[in-house]
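You will see chain A twice below: alongside chain B first, and alongside chain C after that.
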Partner chain A sequence: MEHKSFEVMTGNKACAWGVKLSRVQVASIYPVTPQTTIGEYIAEFIANGELKCELVNAEGELATQAIVKAASRVGARTFVCTSGPGQLYMHHPMHGTSSGRLPVVMATVHRGNKGMQPDHTDLMSQLWTGWIQWYCENNQEVLDSVIMAYRTAEDKRVRLPIAIGYDGYILSYTSEPVEIPDQASVDEFLPPYEPIPNILPDKWAEAQRGRGAGMMEGFMSGGGDPQAAWRIHHEAILNSKEVIKEVNEEFGKRFGRKYGNGLVEEYRTDDAEAVVVAMGTIASTARVAIDRMRSEGKPVGLVKLKTFVPFPTEDFQELGKRVRAIGMIDRNVCLGLGGAGFGELRRALYDLDERPKVLGFYAGLAGAEVRVRDIEKMAEKTLKAARGEKVDPIVEWAKLGGGG
Partner chain B sequence: MIEVRLHGRGGQGAVTANEILAEAAYYEGKYAQAIPMYGTERRGAPVTAYLRLDEVRVRERDLVHEPDIVVVLDPAIAQRPAILEGLKEGGLVIANYPHPPELYPLGGNFMVSTVDATAIALETLKRPITNTAILGAFSKVTGLVKVESIEKAILHRFPGPLGEMNVNAVRRAYERTPMPIQARGEVRKDEEGPLSGSGYGLIRSAAGWRTFRPVWDLDKCTGCRICWIFCPDNAIGWAEEKPTVDYRKCKGCGICVNECPTKAIEFKREGI
Partner chain C sequence: MSERITIKQVPLEELVITPGSACQGCGAALAARLAFKALGPNTIRHSIPACPDNVTRTPTSGGEFEAGGDHVTGTWRALKALGREDVQVVGFYGDGGVYDIGFQSISGAAIRNENVFIICKNNEAYMNTGGQVSGATPQFAMTTTTPVGPMSRGKPHSRKNTPMIFAMHGVPYVATASVAFPTDLIAKVQYGKGIRGFKFLDILSPCPTGWRFDPSKTIEVARLAVQTGFWPLYEIIDGRKFRLNYKPRELKPVAEYLKLQGRFRHLSEQEIEEIQRSVTEYWERLLKLDEIGEILI
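Right after this comes the complex of A and B.
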């Protein structure tokens, strides 16, 4: 530790450090617990002369998103952050940012939609807005993800906004040592943002076509494809997977740490008969559970799901050929439909000739504490299913607080 | 891995103490994780924080349920058996308590050391913020973190005179804290319910939150009702043109003392 620059900091400060190192030019933030201190740290950096950035106080989250959207369009590197209800209030302009293919980076400090405590329902409520979604398990990953997000979002093959989710309270206010990369290396890794100057009249039509807004042509000639706007946007997100992987690899080479392949990270899945899939901080605690079970000789592993949008379908299809059962831990529920992870995982595996069993667990909603033993129980059940034993029910609300 | 649980009250700085400990431990090459437990805390309400110290990155993201060490920043909370919940057999309690550990009222299979952190805070900081004093005791008793590292972390966070005052508190506590002894007090159950019952309307009595108690000199009181207007907790009533106080509602914030135009209210240290 002593050779590098470390500081003991909260998740929110790690996020603000990511913003500072990325030399963000415009940020707009409206206070909402538990994300508020990000704005305070950024304001402090600006006041100390450490960051040259326009921090715009707005009247609400709808405005903050509209402000960064406009600033991004005219060429600024932009940042916005929110939590829970603020995220919901921001929903409408989020569509505009992504449809405009603007590389805005947003931190979502998770706060559930049924109270103050964390779960992933805030960001999961934005699945249809056309943003890339990442989920983080510790404060270091928060800082690193902000830098990687700008590099990915601004890549001309991508040009999409990225939301970085991390669990409120559990990370936002918890302090731990975080390595601060040096500014020169970040500058080399992340060159200045080169906007596509689509606001100029001669570039407008071309830019709109490039972004998939081909319907204007359709209106004019009667022959355009009114679906093009959706199709091109959808395909752009799917195509971002390769860039996400590439950026993660390069980050690893330069800074000495990376996050799986950028989409998923497999942990002790060698010879595993069963794996659990977890997101955010549950993935961190799950590592301890998997270590304990492995020490007892149980062939279980973990897949940490970092990139939820675009969903790593190919990675799970490949995994599905190796394991007999997968237990998806969802810190969210789409009411009346089910866990978002569970649904996507089953969708991804359906086309395999031989499919593993897919079990679902709801855990950690509304801030419910997920302990090591709780995850062991989920992995035990998944292992049972892998070995052909009947498990019932397939999807359950995990009984938490099991001790240990 | 060493796991620590801290108990205090909003305003005493339990969360800050926890972060300072984490930073101090990090200076010594340890990996630390400092978790505050947030609810709808307010000044005076019981708060809890957790600390993990290890040689490698801590991956557990749950709270600490079976601490090796319990640190209590408040003398009233220090007497509550609830602070011992989950404490490992033979574990350690470091309490802000105005009497020597031989007189500490709780018993069981644990070691205990005490320090009058409130008195030290009043001497050095002129206010009952006990967090830095208790850190001096932590260093002395556990040896887990050097007192120099704690001082460095404090000065990093509070540069200048404020930091120096706090360093002074740490040093005095370090000098005055005795080594722990086997707890000799009474083994009993906690009858007051959970320690961190957060949320408005849940608290039956705020009496235990007070370091100081407002006491009226009715001869000086002119009956102007300024105290009644300013009391944020509706603890002051009115009878026969003079104030009455419901001390269960009074958390000892001192606003009435500050506002009284005739200085008829004295702020007296609560006895333990």
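Right after this comes the complex of A and C.
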């Protein structure tokens, strides 16, 4: 029985621990609230000789992303982190990282695009950049996800960057007990990273000479099909689902914790007539709401949506056959279009012969507090819809924090 | 400081793949040929949008226009982490990528003293997109976005003194070069290659298409830029030690340089005089620096 090590730590420290245990070789940082202390913890680990890593204090987030992209191409394991406006600023090189099929891992400590408070609009704004996106519920999941992300991203069947989102302040600056996996087990779980192609001058294949490595996967692999760069990239993300599940299973076997099937985690959905879907820290609150309602005999459940990209279409289709209504809680809004989760969920369920009703709730945007009773109300409404009662409107801005 | 070499000492190895995408008489293609002879094959070249898209036999890492300094930073740090510090890390960028959109990133790499070599193939405008004005375009030059007309005399402002700005970062090596002075150019690349830290070489690379001169006259134009003092050749060590590499007894009149180029065709005698005054005044300042061998700030 190996010794278990626990520490009470903030989400940002848990993230830095994930970086340390993953033996990241190049990290690039820039201050922006609420992710700043990740970089400080990494700098401390390095200063104390606990981590051997090239840390670049860059001149902005566009720089941090471009730096880890180049370093990943050469063959270093790389880490970058950001929040809100910084996330928006690094949009351009994020495309380059993913088009280059480089396994960069990034922490996005959520800060919405309107103000300082957390919501998922920062990372949701990057949906078109071709990154895998995970959303975490607690500090333990943050640490574990960093390790799982390297294993997944560097898998030769995947070779895509992964963004790990977790709610700013609620996790970044809040301390929770976190189990720290032991280094030897992480080393076994996470083999060293090998770049494809290797661009070191003595490893650079004759056939590739004269071509930019960045161009290789992005533009030149399509055999004359101009759409190939998009198609191959899209399919690679869709095909990563099996690896994400596999890595989650293996992590569970080795470390005794896993997160649903890696894509979604169902909670008390057995015999549920209605479920709510939540992402990030709202999922934690939702568990309590579901427990309360179950104790009152109400057949409701929760699906925690961890992997937003690629969207777990198959899991929701399977769920859609079992339940009568699903309430999607979106901590985001794509202005003029709607909640990203709501749209994707409806898209996933449309092809079912018998579809459950899909309701939408905007909750927790700009840091609005979402309480247990708020989620109970959403689940009540979803249950009503499941039982054939008319609900209006289908999509609503949840009234949060009221009495009752 | 760089050591003089003769043309016989120029490495024979060609690392540039020809034919490239360059126009006839392209100064920047020649800059690539000369610079990579000196850099040698154990080099990773970084490219950003630039004209021409020089193709070398070295591995190449492409990236965003605005992040040239970051691409080389990431590569260098990874090489360091992997124990491969023998590899030369080179950013071979145009003046748009160095003077303008990528300036912040290269300033960042400079102030961190990353072990990288930024080589600017400076053709004084955005030639890749058809000749728009850049921070490197000289005053009065006609470009597609500073046209000449009743209300416009070409570019209204002077160019950014980028080599001096990088020198003021206190980096180990900053130099200017010209494709018309190949041994000077190669000696500078060879010298920079041996230094650990940030190196910057700004190579004036005439563009027949954008500057509007006959492609057979590239070397003549490039040489006159230096001989008139319009593009002085110098090098600066650690932001302090200064040396002029080309010091004629007397500078040729700047008009000889300007009159070869269509981009200056519209200049009045008065405007040419204005340019001459500014070139002479700057040259005299450089002579003083050369005399004391140091930049005293």
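FYI, the second predicted complex is superposed on the first by the 374 of 404 C-alpha atoms of A that agree within 3 Å, B and C clash if a C-alpha of one lies under 4 Å from a C-alpha of the other, contacts with A are read in each partner's own complex, and residues count from 1 in each chain.
The rule we apply is simple: a residue touches a chain if its C-beta (ideal position, glycine included) is under 8 Å from a C-beta of that chain, and two chains touch if they have at least 3 such contacts.
If you're wondering where the values come from, they're calculated on a predicted model, not measured in any experiment.
Engineer: Looking at A:113 after the superposition, I want to know if it touches chain B, chain C, both of them or none. Which is it: first, second, both, neither?
Structural biologist: Neither partner.
Engineer: One more residue to check, A:69. First (chain B), second (chain C), both or neither?
Structural biologist: second
Engineer: Just to be sure I read the superposition right, which of the two partners does A:173 touch: chain B = first, chain C = second, or both, or neither?
Structural biologist: first
Engineer: With the two structures laid over each other on chain A, which partner does A:99 touch: chain B (first), chain C (second), both, or neither?
Structural biologist: neither
Engineer: Looking at A:317, would you say it contacts chain B, chain C, both, or neither? Reply first, second, both or neither.
Structural biologist: In the superposition, A:317 touches no partner, neither chain B nor chain C.
Engineer: Of the two partners chain B and chain C, indicate the one touching more residues belonging to chain A.
Structural biologist: It is C that touches the greater number of chain A residues.
Engineer: Touch test for A:371: chain B only (first), chain C only (second), both, or neither?
Structural biologist: first
Engineer: Would you mind listing the overlap between the chain B footprint and the chain C footprint on chain A?
Structural biologist: The answer is that chain A has no such residue.
Engineer: Mind pulling up the chain C residues that touch chain A in the complex?
Structural biologist: Residues 17, 41-44, 46-47, 55-64, 66-67, 69-75, 77-82, 84, 87, 104-105, 107-108, 112 of chain C touch chain A in their complex.
Engineer: Can you list the chain A residues touching chain B in their complex?
Structural biologist: Counting only chain A, the residues touching chain B are 1-2, 6, 8, 34, 137-138, 167, 169-170, 173-177, 281-282, 284-285, 287-288, 369-372, 403.
Engineer: How about chain A: which of its residues touch chain C in the complex?
Structural biologist: Contacts found on chain A: 25-26, 28, 52-54, 56-60, 62-63, 66-76, 78, 92-93, 96, 199-202, 204, 208-215.
Engineer: Help me check something: in the complex, which residues belonging to chain B touch chain A?
Structural biologist: Interface residues on the chain B side: 15, 18-19, 22-23, 26, 29, 31-36, 38, 57-63, 65.
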